[in-house]
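Here the chain labels run A, B, C, D, E, F and G in written order, and each chain numbers its own residues starting at 1.
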Amino acid sequence: MAGKKESNFINMFTSLLVISFVAGISLGSVYNLTKAPIAAAAAKKMEDALRLVLPDFDSIQPIKLKSAFEPDSLLVFQGFQNGQLTGWAVKTWSKKGFGGEVNLIAGFKPDGSIKNISVLDHKETPGLGDKMQASKSDWYRQFLDKNPADFRLKVKKDGGDVDAITAATISSRAFTEAVDRAWQTIENAKKEGGNE
Amino acid sequence: MEYIIIIISAVFVNNIVLAQFLGICPFIGVSNKIPTALGMSGAVLFVITLATIVTWLVQVYVLNPLGIQFLQTIAFILIIAGLVQMVEIILKKLSPGLYSALGVFLPLITTNCAVLGVAILTIQKDFNLIHGVVFAIANSLGFGFALVLFAGIREHIEIMEVPEGMKGVPIALVTAGILALAFMGFSGLV
Amino acid sequence: MNQIQNFTKGLLKENPILVQVLGTCPTLGVTTSAFNGLGMGLATTFVLTMSNIVISLVRDFIPDKVRIPAFIVIIASFVTVVELVMQGFLPALYEQLGLFIPLIVVNCIVLGRAEAFASKNKPFSSMIDGLGMGFGFALALTVLGSIREFLGSGAVFNVKIIPGDLMLVFILAPGAFIALGYLIAITRKLKDHI
Amino acid sequence: MMKLATFRIGGVHPPENKLSANEPIIRLPLPKQLVIPLSQNLGAAPKPVVKKGDEVKKGQLIARGEAFISANLHAPASGKIAKIDDAVDSSGYRRMAIFLDVTDDEWMEGIDSTDELIHQNLPSSEVIRERIKEAGIVGMGGAAFPTHVKMMIPEEKKAEVLLINGVECEPYLTSDHRLMLEKTQEIILGIRILMKAIDVKRALIGVENNKPDAINRLQQFCNADNGIEVHALKVKYPQGGEKQLIKALLGREVPSGKLPIEVGCVVSNVGTAFAVYEAVQKNRPLIERVVTVTGKKLTKPSNFLVRIGTPMSALIEAAGGMPVDTGKIVNGGPMMGKALPTTDIPITKGSSGVLLVDQSESRRSTPNTCIRCARCVTVCPMGLEPYLLARISKLSLVERAEKERIMDCIECGSCQYTCPSALPLLDYIRLGKQRTASYLRNRK
Amino acid sequence: MNDILLFTLLTLCLLAIVLAVVLYFVAQKFKVIEDPKIDLVEDVLPKANCGGCGFPGCRNFAEVTVKAANENNSLGDLNCPVGGNEVMKQVASILGLEVQEKDPLIAVVRCNGSFAHSPAKVRFDGPASCAFAHQLFAGEGGCQYGCLGLGDCVASCIFDAIHMDATTGLPVVNDLCTACGACVKACPRGIIELRSKGKKDRRIFVSCINKEKGGPAKKNCEAACIGCSKCQQVCPHDAIVMANNLAYIDFVKCKLCRKCVEVCPTDAIHEINFPPRKPKLEYTETNTQPPGGHDRLEKVQPVQNKTVDIE
Amino acid sequence: MNKLVISGSPHIHDHDSVSKIMYTVVLAMIPAMLASFWFFGFDSLRVMLVAVISALLMEWATQKFLLKGPLTINDGSAVVSGILLAFNLPAGIPSWMVVAGAFVMIGVAKMTFGGLGKNPFNPALVGRVFMLISFPVEMTKWPVPRPLFATRLADAITGPTALGLFKEGVDAGQSAQTMLHASQMPTEIARFFGEMGGSLGEVSAIAILLGGAYMVYKKVIDWQLPLSILLTAFLFSGLFYLINPAVYAPPMFHLLTGGLILGAVFMATDMVTSPMTIKGKVVFGVGIGLLTVTIRLWGSYPEGISFAILIMNAFTPLINKAFKPKRFGSDVLKTAKI
Amino acid sequence: MTNLPKEIVKHPGVVVKTGPDEVEVMILAQSACAACHAKGVCTMADMKEKMVKIKPENSQHFSVGQQVVVSMKQSMGLKAVLLGYILPFVVMVFTLAGLIGMGFSEGKAGLTSLLVLVFYYVLLFIFRSFIEKSFEFTVSEIDSVQNPEPENLCF
């Protein structure tokens, strides 16, 4: 090809430089343009999850509460409506899943009953353990509006009140454990709060 | 213990090829000779580990402080390309004999997907450097393990003459599928 | 070669996945559902087409030896653009495709077309070529995604066709390999017959 | 009885079918014309020293082996050379042969024509070797390797023991068996001659345990003085293969690609020992041999003493004629013999038997695919992997074949005999051996 | 301009510079620049990767031709038999060279020991491999030179150009043949020869390679060349040589006059694609088309309408 | 006169054939089939029939329409595979799933590679694992055995397998001892004779061993292979039992449950997919034993033999390369007796 | 795998340059890659065709453009992998692990291990003549023993 540049050092150097310069400018600009939407998307994801599991709120206050089972702490979002506490959303987890960790966010009403639960991520088998997701089955509905004080958060096999997903007791157990962790944490905090 | 878990996970449970789908091209494209497969695994081990160390340093000491994490893809790929090339030049310059022996012995060694994939995964998983290196090693071992097993099966298949329509890639994929099926037995080990 | 042929060759005759068997990793990794396959296919098409155009435009200014790094920079830039845009506007899909979005950069098809076609042809042909190959890629991914989604969960594009699950294996890794293996075998047969 | 010796790896037990075991050796009448193929021995064919129209006497040299590995040919009867022309050999290929119109059965002068046993005056080893060479003796065990060459022990090697192969492990064949019974003393003498030729003090005769009469008979003449021992061996094919025999008798293994002398042995067949006796003590060249004619449908399975050059058809006639449903005629035993395209093929020095197989048995079953049952591997006496060798032979992967030691295969056929899929394993292995051999030659 | 943009630029340019330096050294070390002509040449090659040219694949052939052109300014003996003159002309023009036309060749099966001419006397039972049968025995018909009919040549052809004819038991070459020579190498008996395709695809050859004397030859096969040399005597162009009781027609000298065909007492000389001569030859159904017709089957030898002995 | 046949030597054959071997295996499976019929009734017949028929159908169809080769459905290998697939399924499995499994078994695992003898993986196990992963719900519902003629509940009720029960319990924090003596747990004797929940063919150890002995007698399998599996599993699980009996089950429990014996006797011995030499077979067996116990003790699946055999199948070519038969001439005993 | 070290690896190539005592051979990528449509690019950084310089006894025998087979002992290939990849890998990882174990920061440890890698290569450079000696190749003309085989029913 006639116009082809020779492969000498200067040519190579400059052409690469020019290309990266242009690429840099464009990428920087695209980044600047998408920064806001990306942040918004991330924020929206969190808010969506919270909207799902918390009763109506107009402001959110994240706090850390000591987990009921471990020395670590859990991230808890307190929802307020007109300054009034409307509920807690607890980011909780269990490592007992079939495929690994199960992360979910569980929302509680002020009286301690479950408002809603949303699975953030999990590695359970599609078609089995993934039935814990709201989008896959209604299994999670059995938790709604139950108060763990009288609804024992254990699968039936282990002597609780939770009906396990068919053939996925392990996943169900993990899910239930995560919810239990959240609930106990809230309850502990309440007690301590009460004591304060 | 953590290291062992990382290794078992990467070699058996989440094998880089059979479960994570990285480095499939060399896996199905490359020779059926077992020593060659071993040699390739050695090369991949070095390249992936080296790449992981360098990219980790770049991510933590350049991209993160400057707030330009979004350049990860482009930076990593350029670094990896440069590194591989550099090793090549160095070897050639240092010892033409050694370089020639590698040329005769190994088919292409760069496994782009796997190298870049492991580098990115190391960052995504928030590993510190040493965990990252173990992770890289473990994945290379997983790659080598799958490659060597597959080389054996492939040789068997080649001698047994499969049906015309399935020859080559299709049979390799189906075999890999069955192998992946067998490897599901490892699930839950970690 | 006329532009129509130039476009259609990628669909079957030189289909990047089913005939040339390039880019197997993303193919297997993202096709758990038809929708994911399509998403990945379109993302790749975008990168492929854009980089083909740009490379074709600048091909004469790049010395041979730095051709490949220059192509990589260009391709990686478009990949990053896709990444950013998806992250901002299609966060759900972005999460599903995960690692495989940045891996577009090492997808043999993209670099392969850059090298084999765009670096030797005019921008318009290169664009058509990129589109053709991209659609071929997307087509294969969508077909494979549909097959796996259907066999795995009895649905296509999330539309349930059969109640309940069918054969879960197809959504998992083994099913991916097996389904692609047969798909390639079938394509070969079809290709011979056309 | 104590445990009988045998070789360790592999082996099979085909039905023995030794139909003619009790038939004494009968001398077959001379035919009108003898066709004596020039190439009867391993190595180079001898060059004719007679021409058309020449009158020859029984025992006269008619072709001289000039090459290093070659053997002389002698007139099996007196008569006139009709022509020197092509004749069909056992493969159906046309090869040079001397056609002799028989007129008479009178020995040439200088040949002891009596049956008297000559014990004394064993000549020196040089003379023995010379006489063996002159007499055109080749191995009668099947390979027809010129015996005088075998007797020339390389400088750096030392023969320690002579092994005499009286195993006759091939089913059906009984010629060695009968010879051991009827010519025992001659054989023992032949062995002593051979021992002297290669300068060893010890000789072992290996005989399979299915020939107790032969073992007994031989034992009578073996003693500490002559250093000859008879060993009964467990019946297992291919015990007669020289490597297997050495393993069975001495526990030594001939290394891959090496000759028996590597482990200090020389192996000869009983028939060879007999021929050596006749040549050295009676000055008789090798012009006749014992041939078993057998077959399940044959009226009279027999053992004949036959002149070299007699057509097979004459033997079959003498054994009661060809049964109507003969499907295959085999020159040799059923495991290693060669299927013949016609019966107009002359007996040569290496023919040990003619086997008529009926139609139902002559067709092979349809091959299936290899199910990797490993039976072939288990029975291969050389420790090879026949299924693999056959595959790589089929794919012409000569280098791989060499690496898998295809050249070690002794073509015993145990693998093919036993393969449940009826695969033509040995057919392919032979092809592979041929290709590998030519590849190896080219490489050198 | 904000920080991010600055950092982006800096990082990328830095990487680019490093890469440029690295690659500069590569350029120094790996001085071989792939000649773009190689691709061009490869594009015109048939891509059959058959090895007919003597190289493992078309790409190799392209490399070699380009190299030869650069160094010797000629293609020498390099030839792609599959593409033939057509392709070699294109290759030459890419490389700025001329090629002289070579006569196109085609494989010819020089045996007519069909089931009818050389009926089977024995039955072969074993792997369908000519190479094996050849080492085992002379052949079912008894001719030790003749075709074994087990199709090693057929299997060796990647162009689908040679097939076994079920009625004769002999292989037949069709015009898909590219003269790659694979069958010639595959036949253990050396029956197949590459001969000039001839004008209008017409050719004359002795369809026999039997070196035996007339008697035995004729005993095994009615259609054998019996070495009578009638053809040699009648040939006006000195195209026929006799050796070992066998006639051979030199295709360079042969002018296709057809005189020898008529005199051969055993019909061992074959003519192909000639217009039918009056009654002497009978044509089978497949052979009735006029020469140059699209029938893929070679116009074969006159086949006697005898009953064919196939088991 | 008829024509003489020309062929290479040898000219005789021992007349054993592939179909004889396969039907010997079928014969050897009869005790286990009877046992499954005894414990699971007509459902077991249904599953076996469906499996065999669909296996044959698939083999026939692929050969007829895809491979266009000779039809070999009479060789009996598909029958063996079919029965073995059925042996690995619970009695209550819906028929369509059996059909799907059998199609995958023959279509994917066997015919794709060219049919009998060419498949690197055990077809029945590929079919079984495919089903296990595709239909986990149905594949883990085990009807409680109910000996024919025994007066028990009419309707099939489902229960866990012994291994499943144990694993669940231990995972949930129960001690091994309590689990072993839990009411649902079959007794040692029941385990031996097969009165426990499980796949059709795996429940009765005695029936399988009987078949195994017959195959060894008929020289269809080598005893070293099953023995090495059982022994390894016994020793390896025994080791952990000695270390911590509160968490790990005793070795006998491992041997008699979860199809270990079925796998060892009928599946690992599949000659097509196992190594060729005895040494190789022993290595293969040891590998299976170790993997099975590993999966059982630490993996998610309660039962591990299917996976273990499949994984070791992948090693078979390597084992074959590493453990060649002893070549003649490799022991050069120059000094041996003379 | 008892006879593994003796095995020979072969690789087809084309002679690109001949000198008085050496020939330069272009090694073509192996089968799978050679047939691939995109072989020129699929590994962006790796050269698909490598030049190897070989000193055969009979370099005069070869001409440019000739198809040859380069062969060497398999053990040499493994040794090359060892020297070229495995050892540097070990050096690098051990340095890294050691330094981090000793309490250095990850950044420092990482950089040092890369430096040590450089050092390794310098060492290799110093011993190059020694290393060089252990690699021997033979170049031979292509042999065409492979002839195609007929298909048939059995097997």
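Quick note on the criterion: a residue touches a chain if its C-beta (ideal position, glycine included) is under 8 Å from a C-beta of that chain, and two chains touch if they have at least 3 such contacts.
On a predicted model such as this, the values are computed, not experimentally measured, just so you know.
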{"item": "Touching both chain A and chain B (chains)", "value": "C, E, F"}
{"item": "Maximum centroid distance from chain C, chain identifier (CA atoms)", "value": "D"}
{"item": "Winner on C-beta contact pairs when A-F is weighed against B-C", "value": "B-C"}
{"item": "Length of the line joining the C-alpha centres of chain B and chain F, rounded to whole Å", "value": "34"}
{"item": "Whole-Å separation of chain centres (CA-atom averages), chain C against chain E", "value": "42"}
{"item": "Whole-Å gap between the CA centroids of chain C and chain D", "value": "70"}
{"item": "Shared-contact residues (touching 2 or more other chains) in chain C", "value": "22, 64-66, 68-69, 72-73, 76-77, 80, 84, 106, 108, 168-169, 172, 174, 178"}
{"item": "Shared-contact residues (touching 2 or more other chains) in chain G", "value": "1, 7, 36, 42, 44-45, 47, 147-149, 153-155"}
{"item": "Residue numbers of chain A (touch at least two other chains)", "value": "1, 7, 12, 16, 19-20, 23, 27, 31, 98, 125, 127-128"}
{"item": "Contact footprint of chain A on chain B as seen in their complex", "value": "68, 70-71, 74, 187-188"}
{"item": "Complex contacts: residues of chain F adjacent to chain B", "value": "66-67, 108-109, 111-114, 117-118, 120-121, 126, 129-130, 133, 291, 294-295, 298-301, 304, 306-308, 310-311, 313-318, 320-321"}
{"item": "Interface residues, chain E side, partner chain A - complex", "value": "2, 4-5, 8-13, 15-17, 19-20, 23-24, 27, 36"}
{"item": "Of chain B, residues touching chain E in the complex", "value": "62-63, 66-68, 71, 74-75, 78-79, 81-82, 85-86, 88-89, 92-93"}
{"item": "Residue numbers on chain B that touch chain C, as the complex places them", "value": "18-25, 28, 70-74, 76-78, 81, 112-113, 116-117, 120-121, 124, 165-166, 169-174, 176-178, 180-181, 184"}
